[in-house]
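In the two assemblies presented below, chain A is common to both, partnered first by chain B and then by chain C.
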Partner chain A sequence: MPANRTGSAGTSPTGSSPAAGALAAAAILGFAGGLVVSSFAGFRDFLPELLRGAAVTVQVAAGGSLVAVAMALLATAARLYAPLPLRWLAVAYVELFRGTSALVQLFWLFFVLPMFGISLSPMTAGIAALGLNIGAYGSEVMRGAIEAVPRSQWEAASALSLGRFRTLRRVILPQAFVTMIPPWGNLFIELLKATSLVSLITLSDLAFKAQQLNQTTLRTVEIFGIVLLIYLALSLLVTLAMRALEHRAGRRLLRGKETG
Partner chain B sequence: MNAHWDWHYVHEILPILGEAALITLQATLLGFALALVIGLVLAVCRMAANPLVRHAAAAVVEFIRSTPLLIQIFFLYYGLPEFGLALDAMLAGLIAIGLHYGAYCAEVYRAGIDNVPRGQWEAAAALNLSPQATFRRIILPQAIPPIVPALGNYLVALFKETPLLSAIGVLELMQTAKILGSESFQYTEPITLVGLYFLVFSLLSSGLIRLLERRLGVRAASRS
Partner chain C sequence: MNESPASSSETPMVRFERVSKRYGALTVLDQLDLDVASGEKVAIIGPSGSGKTTVLRVLMALERIDDGVIHIDGEPLTHMPQGDSLVPADARHLRKMRGHIGMVFQHFNLFPHMSAVQNCMEAPISVLGLGKEEAHARAAELLTMVGLADKLDHHPAQLSGGQQQRVAIARALAMRPRVMLFDEVTSALDPELCGEVLNVIRELGSAHQLTMLMVTHQMGFAREFADRVCFFDAGRIAEQGSPEELFGNPQHERTRQFLRAVMEAI
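And then the complex of A and B:
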């Protein structure tokens, strides 16, 4: 699933068709939004409940993102610079969480861990499972971005007698950071989409509310139509935020080059 | 509370999970076949001469990729009957998976087709081949081999998303494991076994893809 929207991270940072995709999405959003307002009778009744669900979705996505970034940082640091046993542990983590399905991981944390005496609330289990899952993919992205910085950068820094740590912090990471923003953007969208899984462990997120309303009102097409649009809008927000971040990071890197 | 691993119970449920694994495999292969076809259609539409078709296809791809597969599955399974088209759970799930991964595959196809040198189109035009024949006989055969590994990665990704079908009651691995767990109150063994199954298959198939990548790379290198 994730890490596949990344495409050509090195060559064209924004992927295949940057503006066109967002514009197209915005266009359908506008069109379908109009359709909702004009023809879906009674959508005002659903909306407040669905928005409450969306707030839970956002919460899980935000928490999951934090866990994912932290896990990716840890795993990458361990894989690149830690002693051997820790490196193996990091590799095992990445392979385990990339190799199994997100839903299986979620169910394992929620249904199996209690058997070992560790009971997590649905919210904690959801954030942990999604964060661990996306973090494993994120670690691959980070490692790729760091390894994509040309070797000559290390050599040049060592010629300037910069230490290993300072080279990493001042020379390598700022460049790697810019390359890894677009693939991370894709991962955050994957994470956002994956939050719908938490509805299956009884957390009342957007997907859960949709099912609940569907069972009581049977207005399937309207409800799920609105829900799809809410997810689309959230994805679009993530895309726009990541593009702004990429723009700023790229500019900062350029300015650093001019003055330094 | 039983924190220990019950081998006896494992022996009992393995055959049941084995049968469910076949359903999972079936869903994976059928879903992917559908995704390959839908992806090609979407890719061709995205490159159509008509701007309306082009933009509509781009919007559809963007929309499908920006919304969760689970909601798409619900939409098709619960929503289609309103249009008088009641599908059983497996079929609705397969269509949703095929559409979702078709949208991802469309981008891969497009990259592959874009990478065929323009000169190939021109040479085919010079030989008086029709555009359809050029596309089918000249462009596609050159576009597909380089993208096989990328498509393979989507096959693995799709495989790992088939547990979502459990949400609409398809009796694949996850659903079977959940039922077994709720019958015996022993969730540890079934869910762990399902996880192991996915792990083994994913590792095997990503190894295969790496092998394929290397062989295709060798072939591409020797040709040029």
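And then the complex of A and C:
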């Protein structure tokens, strides 16, 4: 069949399976981890403290991700389907938060807002700033994925008298969802790495703990070696989770593609 | 056996009244008048760019018309009465009127994330308000009718082009339309798969009082199946008549040219 429109959904659950990728990643990680454990005595000294920092990092990243997805959904819905003033507001949000640095946004929320009587805790400010920042990118990802679903799908739904909202929910979004998983994976990893910014607003995250330990012990190589591995391990976890999600969603969309 | 039903005095099922459609400077439909009687099968042929697919697309309300009025069974499709005058239809009116019409597309346009039976159940449930079981029964019955009883739970990617197109026909029929539109439904198929789709349409035509309009390049099928053949050229009907008249004794030079070119291609 030359006219296979499903291909335009842009996913190919073919090729290297996620299982193989996971195995390779685990092998690399295990090897590197083993090297560190065997060569650095510092691992035992610093790991507990650094893991406490990592817990804060994970908290900010998870909270930020939730905010990012919620903001992206809102902004996308507003930009595509809301009346004009709301649409402008959504466009302004996306451009403002994409066009300025995450660090400046964070400082605004934490240091500037209090001047106007709004004080946020460091954790809230961190989650909000990163969520708003990544959400602006995420809105672009969602809009692209929705617009990538062929027009003919809208027409087929129209011809069946399906309303616009119903079409979006039942026909368009399930197909767009598959396409937007990989770019969202990138964004979540971006967000994870950007959490190190919160060390600048007094949160004791992984980066903050590393600097603190480094200043008191000066064992720079060991400390930052371990920090590197912890960030890598966290981002690999995100990658694996997104791969699994992509695989599942893709299989549902193109069920039987491999067998057919 | 092919008396023109257009001559009957009852309300036509479909009426185009001086309908024009333009894309910028290009006029695709030029003050088109066309009546189709209830139960009539009309084949639309013509060179590409003659406006034949546009006829179906404006009838399905996928495109707005710039001039004129389209009526379905006496009721305006593109407009709605307000007081004494007709105003352009809103989304709600369009949705209601679309319910009378089913359309089958050249590229099937099935929903790839739904199985065959789900494709046929979606609209009856959400638009007609059918219960799940009732919708499933209706979908299964229609899929059986098009010869796909054993493929209910297959997804479009698991079906051949001909099978997908038959699902698309069943999906449109599940809404119980009174008018069916077929837009070059075999053009995207391998030649050996056309027959199974045409057979389904043939059976539909003989078993139901459906009004059918089909844009087609299959002159043989048009000749055998249609009550009337309309030859489109430059956004108008250049010539129309029974298949015998139009294929056997075309009056216009343009029609003869077109038919000669099509026959040579075979």
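Here, the second predicted complex is superposed on the first by the 225 of 260 C-alpha atoms of A that agree within 3 Å, B and C clash if a C-alpha of one lies under 4 Å from a C-alpha of the other, contacts with A are read in each partner's own complex, and residues count from 1 in each chain.
Basically, contacts are C-beta pairs under 8 Å (C-beta built on N, C-alpha and C of every residue); 3 or more make two chains touch, one makes a residue touch a chain.
Predicted model only: the values in this text are computed from it and were never measured.
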I'd like to know which partner A:Leu66 touches here: chain B for first, chain C for second, both or neither.
neither
Applying the document's definition of touch, where does A:Leu160 land relative to chain B and chain C: first, second, both, or neither?
second
After the superposition on A, what does A:Ala207 contact: first (chain B), second (chain C), both or neither?
first
Which partner, chain B or chain C, is in contact with more residues of chain A?
B
Which superposed partner A:Gln175 touches (first chain B, second chain C, both, neither):
second
Chain A residues contacting chain B in one complex and chain C in the other 1, 4-5
Touching chain A in the complex, chain B uses residues 1-3, 55, 58-59, 62-63, 65-72, 74-75, 78-79, 81-82, 104, 107, 110-111, 150, 153-154, 157, 160-164, 166-167, 174, 177-178, 181, 186-188, 191-192, 194-195, 198-199, 202-203, 206
Provide the residue numbers of chain C that touch chain A in the complex, in ascending order.
60-62, 91, 95-96, 98-99, 101-103, 105, 107-113, 122-123, 126-127, 154-161, 164, 171-172, 175, 188
Can you list the residues on chain A that touch chain C in the complex?
1-6, 9, 152-153, 155-156, 158-164, 166, 170-171, 174-175, 252-257, 259-260
Considering only the defined contacts, which chain A positions touch chain B in the complex?
1, 4-5, 7, 16-17, 20-22, 24-25, 27-28, 95-96, 98-105, 107-108, 111-112, 115-117, 189, 192-197, 199-200, 207, 210-211, 214, 220-221, 224-225, 227-228, 231-232, 235-236
